[in-house]
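Read through the structures below before going on.
Each of the next two complexes has chain A plus one other chain: chain B in the first, chain C in the second.
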Partner chain A sequence: MSEHEQFDKVEPTPGERFSKFLKRKDVSSTVAWAFFYTLVFVLVALYLYPRWMPKGLSNEMRSTTRLMVIFTIISAPVCGFVLSMATHSFLRRHKGDTPPADGPGFSANRLGVATFSVMASILTLTAVIYGLVEMNTAAEASVREAKDAMVVKVVGNQWVWTFEYPESMGGFKSEVLNLPLNKAVVFDIVSADVNHSFWPVQLGVKVDANRLAHTTVTTKPIKLGEIDVKCAELCGLYHAYMETTGAVMTTDDFNKWVITQGGHTA
Partner chain B sequence: MTTLDHHTKSARPVPNPQKSLITKLNMGTGLIVGIIFAYVTYKLVRGSNPDWEPTQDINNHNQALIASMLMWSVGFLVGIGAFIGPWRWMIGKDLTAEEQLYLAGDGQGIKRYFKYCTDHKVVGIQYLWGVIAMLAVGGTLAMMIRTNLAMPGAKLVTPSIYNSLVGLHGITMIIAMIVVATGPFGNYIMPIMIGARDMAFPRLNALSWWVLFTAIPVLCSAWFLGGIPTGWTAYAPLSVQAGPGMNAFLCTIIIFAVSTAVAGANITATVVGMRTKGMTWNRVPIFVIGATISVALAVPAFPTFMLSMIQTAMDRTFQTGFFDANAGGSGWLYAHLFWIMGHPEVYVILLPGVAALMEIVPVFVRRPLFSYTSAVVGFAGIAGLSVLVWAHHMYMSGWMPMLNGPFMVTTEMISVPTGLIFLVILGTMWNGRPWMKLPMLGVFAFLWNMLIGGITGLYLSDVPADNYLHGSMYVTAHFHYTLMGAALTGAVAGLAYWYPKMTGRMLNERAGYISFWLIQIGFNVLFLGMFIVGAEGQPRRVADYAQEYGTANMVSTIGAYSIGLGFIILLWAVVHSWRHGKIAPMNPWGAKTLEWTVPYPVPLENFDELPVITSDPYGYGKAAH
Partner chain C sequence: MSASKRSASAILAVVLGVSVVAGVGFTLRSASQDPSPKLAASAVDGTIDINGKTYKKAAITLGVYPGPAEALKYDGVHINKNDWVQYSVSHIVLPKNTYVTFTIHGYDGGETLNNTYFDKVVGTVGNVVNYDGVDQSSVPCDLAVDNGCKVQHTFTIHGLPTRSQKSWFVNVPLLKVEEDDNGFVPTTNAETHNAGHTMTFSVLTPDTGGEYVWNCQFPCGDGTYGKFGAAMSAYGYMSGKVTVA
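Moving on, here comes the complex of A and B:
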């Protein structure tokens, strides 16, 4: 071999090796599958979750739906990776009563493991940071809104929800949860017996009702509509039937309803 | 796995313990003594007052029931001869070699399965049939639940019976799933895999099974005592308020916790101390690693569950008020104790099933296990993090909202070691040609099911999303994807894989395939439907629901019937093949782990001469030749 030929045979750069790797038929088809599956999961996120989840009557419900969509999109590349690798293997399947010939004998690829671990950590970190920001935003909004909020006491009692409106409205009790539009509300929740979980579905908030330990949750209805109130914690015989309804109303309609309940406007 | 030479030939005396008491004891004598103990205890605790009425003196009735259930367990163990060995040791007359050989079931045929037998292979088969029985009962209860939920307003059962169905289904399945892989395969296969003659403590091994066995009638008695109205979580104060059936639940868990502690310590000691010569930690089959980490995780987890049950029992019998807010206690304390066990328990269930699949992949793809170290780090990482995440089940409880963030972080971090598990399986499969036998199909099913279970777990670990999803059917679907779709699929694949070694016959392939597709399609239909109603707002554990959830619930019920049919066919295949299946060769899959080097029936002490290991058990692949 001449000196000139030796000079021509330089090692490929990492970029060239990666480019060559991507051009391999097995790799390119797997990458194509990965894009396909990623796209499917992104479409599922964008199309299905907003249809499955109830129309939000509060910012909390809307942000929950948005979060489900974003988390699914964050997860989509992971789904793409797993399903494309599985598809690639499935398409190469071997049938018969004898084992296939041995495959490639390498048992580790440090770069592959490191790359995967870093990518998985980045995606997890993204989800963690997004979740923490959402949680913090909700907490700040809750503190802000609680300042001039209407406080409704909620009592869970096997198997009825009772709502006690503020003294300023006459302190009347109701088994229906009606709320005025664009008025923040703090639910002050307690149980008279066992654990319950207060869940006004369309408002997107939930917290347990515990015996002698008050819990609170704040929300602000921003859209007119019906509310389904359910119990999300198994509480005994008629747990399934511990539900009631209510509505987010205009202020005028709410005030009229308050008067029909024996209360007065604040 | 390569073996070089052999050493330590075993010497076996001829058993002839004709006059020994141990020859006369069996399951029948256990039942008789257990019932006598239970009856006498009940009578002693309730006293001799002729006017005594259970409904008049609820505390005393609870005391009598709890004491008699626990004494049933002790009595059964006395009656079957579990304490003869320790007793003889205490009085200085240890069992003779002949008696020990008799205890090992040598030459006793099918009778040894009904005795206190110390042979790990017998214990493995006992666990297998115990698990099958529990899954059958739990599955039947699930079918009744789904039938009731097929349409809104269904009145198949009353709300009281429905709640009991939910509770009994939950706890039966949890117990069955905890032992579904470590019980049969951890006992039968694992000692052979590591080149041991038996478990480290053979008598404790038998004890772990028979203690678990005594829990089964106790759990069944709940049905006749008014049921379990609390679900398997048994939250206080509902559990304190519940009727006498709750006592059966408490005692079941107390007895079961003893069984898992004994089994966990024994399996861990066996793997640490009894690996054959040359089996260094990096040559241990990955199933053994996964199963050992799983049981080691159970050892600290289950005592807290046991403690919570003892405290609930004390609240019910002596009004101690641990969990009663009126008496200064707290329901949150119970929730903590429960979930400190409850979340590690998910991984106690999951890891052995996943490890079984990892054992399967290299064999059926004919490639080395990809990054053994990543698999071990993945298992260890999951186990380590799983003890730091329990309060994500309590985001909505109202307890300490400022700690929701830290628990959210620890929970979501589990995605990283879980990702390594996926990487190991996919890396092993990469560019191989998977041999599409039943065990390998289980690997593909696992990848899909665990993917869905894992991603939905990410939503539930996130506080704002859990704010909506907690307590809904979405949660039910999520944990079924992980526990049933991943762990049970792994265990069934493990059964298909090791069936030839455990029975000497091949599992009926056609029936296996039919059952596989019925189960997997039905499973996804059932639980995808449940995801939809959960996202729409249907709470879990409800006997009835609003009209708007009707279609998805009907679809889910159809899926459930498909699963039910699939499991009936699988059960038929297991039973039929056991007697009539094709005779299995010694190593039908061409695997390299040690269990495939011994014949069927496996000799009493497994190996004539203990093997010596010189390489890892995954020496497949072109470069390896």
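Moving on, here comes the complex of A and C:
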């Protein structure tokens, strides 16, 4: 064996192996598909989610929309990779009647498995940490805002929501949820019959309404707009009709509405 | 397996699958069907001006009974359903953008409301109901006093506010027939008000039309689920649809 032949048999470095691996036709096409799908999900998250999500009338709703966007971006590479494998398998599927003989067995590509595992773990940890930060920020804001908040008692009945405003406003009741702008509100929620779930969509909060047990949630409307109130817990025949409306209003408009309901301004 | 057998097997599998899905769909649809025939409001001659707008008029009459026997006895209404408390019909059809006058004959007793919001009249013209000739904006319901709640049932209309239909909310508490150890006590004027109470009110139906629902907010079912079983959890007894077209 010549000296030159011995030199040729030197093992390639991991970088060379990886470079060679990427140049394989099946690998390069799969990577291209992965980039394509990832880009699609990122664009959907950045441009379509904010349009699809309900209008954010509170920081909680804006935070929810932001979480949806960021979580989608974080998960896009993993989803893109899985879909690219599926696409590759579909495009290279066997055609014809006679199936080919089984190919040679193969063992896991350690570098590939390690890369996928590490990347997926980093993305997941990023999502967990970001989610915890958002959650704690929202919880801290709730505690801060609850101190001078208006308390609205919410009662879920099959299949109507009713709202009882504070005694300082006359303690009137309504079947629509109107709130003043920039005034924190604590919803004191209970059910008069079966379990419901109180969901004022554009305010970004959703809490169970139980019989005999009160639940509370705090939010602060920061933008004018309409509110859709839904029940998010299957509660009987007309659960789907357990909806009502409301609005975030200017303080003047809210005070006028309070007076039309037989209440008085606080 | 030959090609023709393979094709036949594939077609059979598809047909079976479609049949199963269709069977489940038809069964569910049948279970959710309203058991009562529709009742449409009748047109009434003349128009009425309210807040500068002119509305056509229509009228509809309903009854609410402790059971089918009372429906037959008091109003000659044949109800072929379980012996539960019930309204005479459940699917109501109303003309849109119309002044509709409801007359409800109520022959049942009552106990208490879970939420006293529903003792208040909401969404009728003038926010009042005429109870045996007297206009009232609510029915007394004091939960702290024995027999303090005079509500029989409620007739509560609501629905989904969507792009194609307006939100609509009406709540009418019905006055209960008092009971003693011998059963229902006849009301003061049994001749004009039968054995129960006659309640009339008018509503302006939404100009967009739409599909709404009505239900009773008084827990009047059996003991299951805090009196929300039986009539309160079955189609066609204490709830139904309101089609505004």
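Heads up, the rule we're going with is that the second predicted complex is superposed on the first by the 250 of 266 C-alpha atoms of A that agree within 3 Å, B and C clash if a C-alpha of one lies under 4 Å from a C-alpha of the other, contacts with A are read in each partner's own complex, and residues count from 1 in each chain.
As a convention for this text, a contact is a pair of C-beta atoms (placed from the backbone, for glycine too) under 8 Å apart; a residue touches a chain by one contact, two chains touch by 3 or more.
Bear in mind that the values here come from a model prediction, so they are computed numbers and not experimental data.
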| item | value |
| --- | --- |
| When chain B and chain C are modelled together on chain A, clash or fit | clash |
| Chain B versus chain C as contact partner of A:64, first or second or both or neither | first |
| Chain B versus chain C, judged by how many residues of chain A each one touches | B |
| Partner chain in contact with A:205 - chain B first, chain C second, else both or neither | first |
| Which of chain B and chain C A:245 touches, first, second, both or neither | second |
| Which of chain B and chain C A:233 touches, first, second, both or neither | first |
| First (chain B), second (chain C), both or neither touched by A:162 | second |
| Touching partner for A:14 - first (chain B), second (chain C), both, neither | neither |
| Stretch of chain B, among 328-336, 400-408 or 580-588, that runs into chain C once the two complexes are superposed | 580-588 |
| Overlap of chain C and chain B interfaces on chain A (superposed complexes) | 193-194, 211, 228, 236-238, 240-241 |
| Chain B to chain A touching residues, read off their complex | 159-160, 162-163, 166, 229-231, 233, 235, 237-238, 241, 325-326, 330-332, 363-374, 396-398, 404-405, 408-409, 412-413, 415-416, 419-420, 422-423, 426-427, 429-436, 444, 447-448, 451, 455, 458-459, 462-465, 467-468, 470-472, 532, 535-537, 539-546, 589-590, 618, 620-625 |
| Chain B-facing residues of chain A, complex | 26, 49, 52-54, 60-61, 63-64, 67-68, 71-72, 75, 78-79, 81-83, 85-86, 88-90, 92-96, 99-109, 112-113, 116-117, 120-121, 123-124, 127-128, 131-132, 134-135, 138, 189, 193-195, 197, 199, 201, 204-208, 210-213, 215, 228, 230-241 |
| Interfacial residue positions of chain A with respect to chain C in the complex | 155, 157-160, 162, 164, 173, 175-176, 192-194, 211, 228, 236-238, 240-241, 243-245 |
| Chain A partner contacts - residues on chain C that touch it in the complex | 114-115, 117-118, 120, 122, 156, 158-161, 167, 169, 171, 212-213, 215, 217, 219, 225-226, 228, 232-235, 239 |
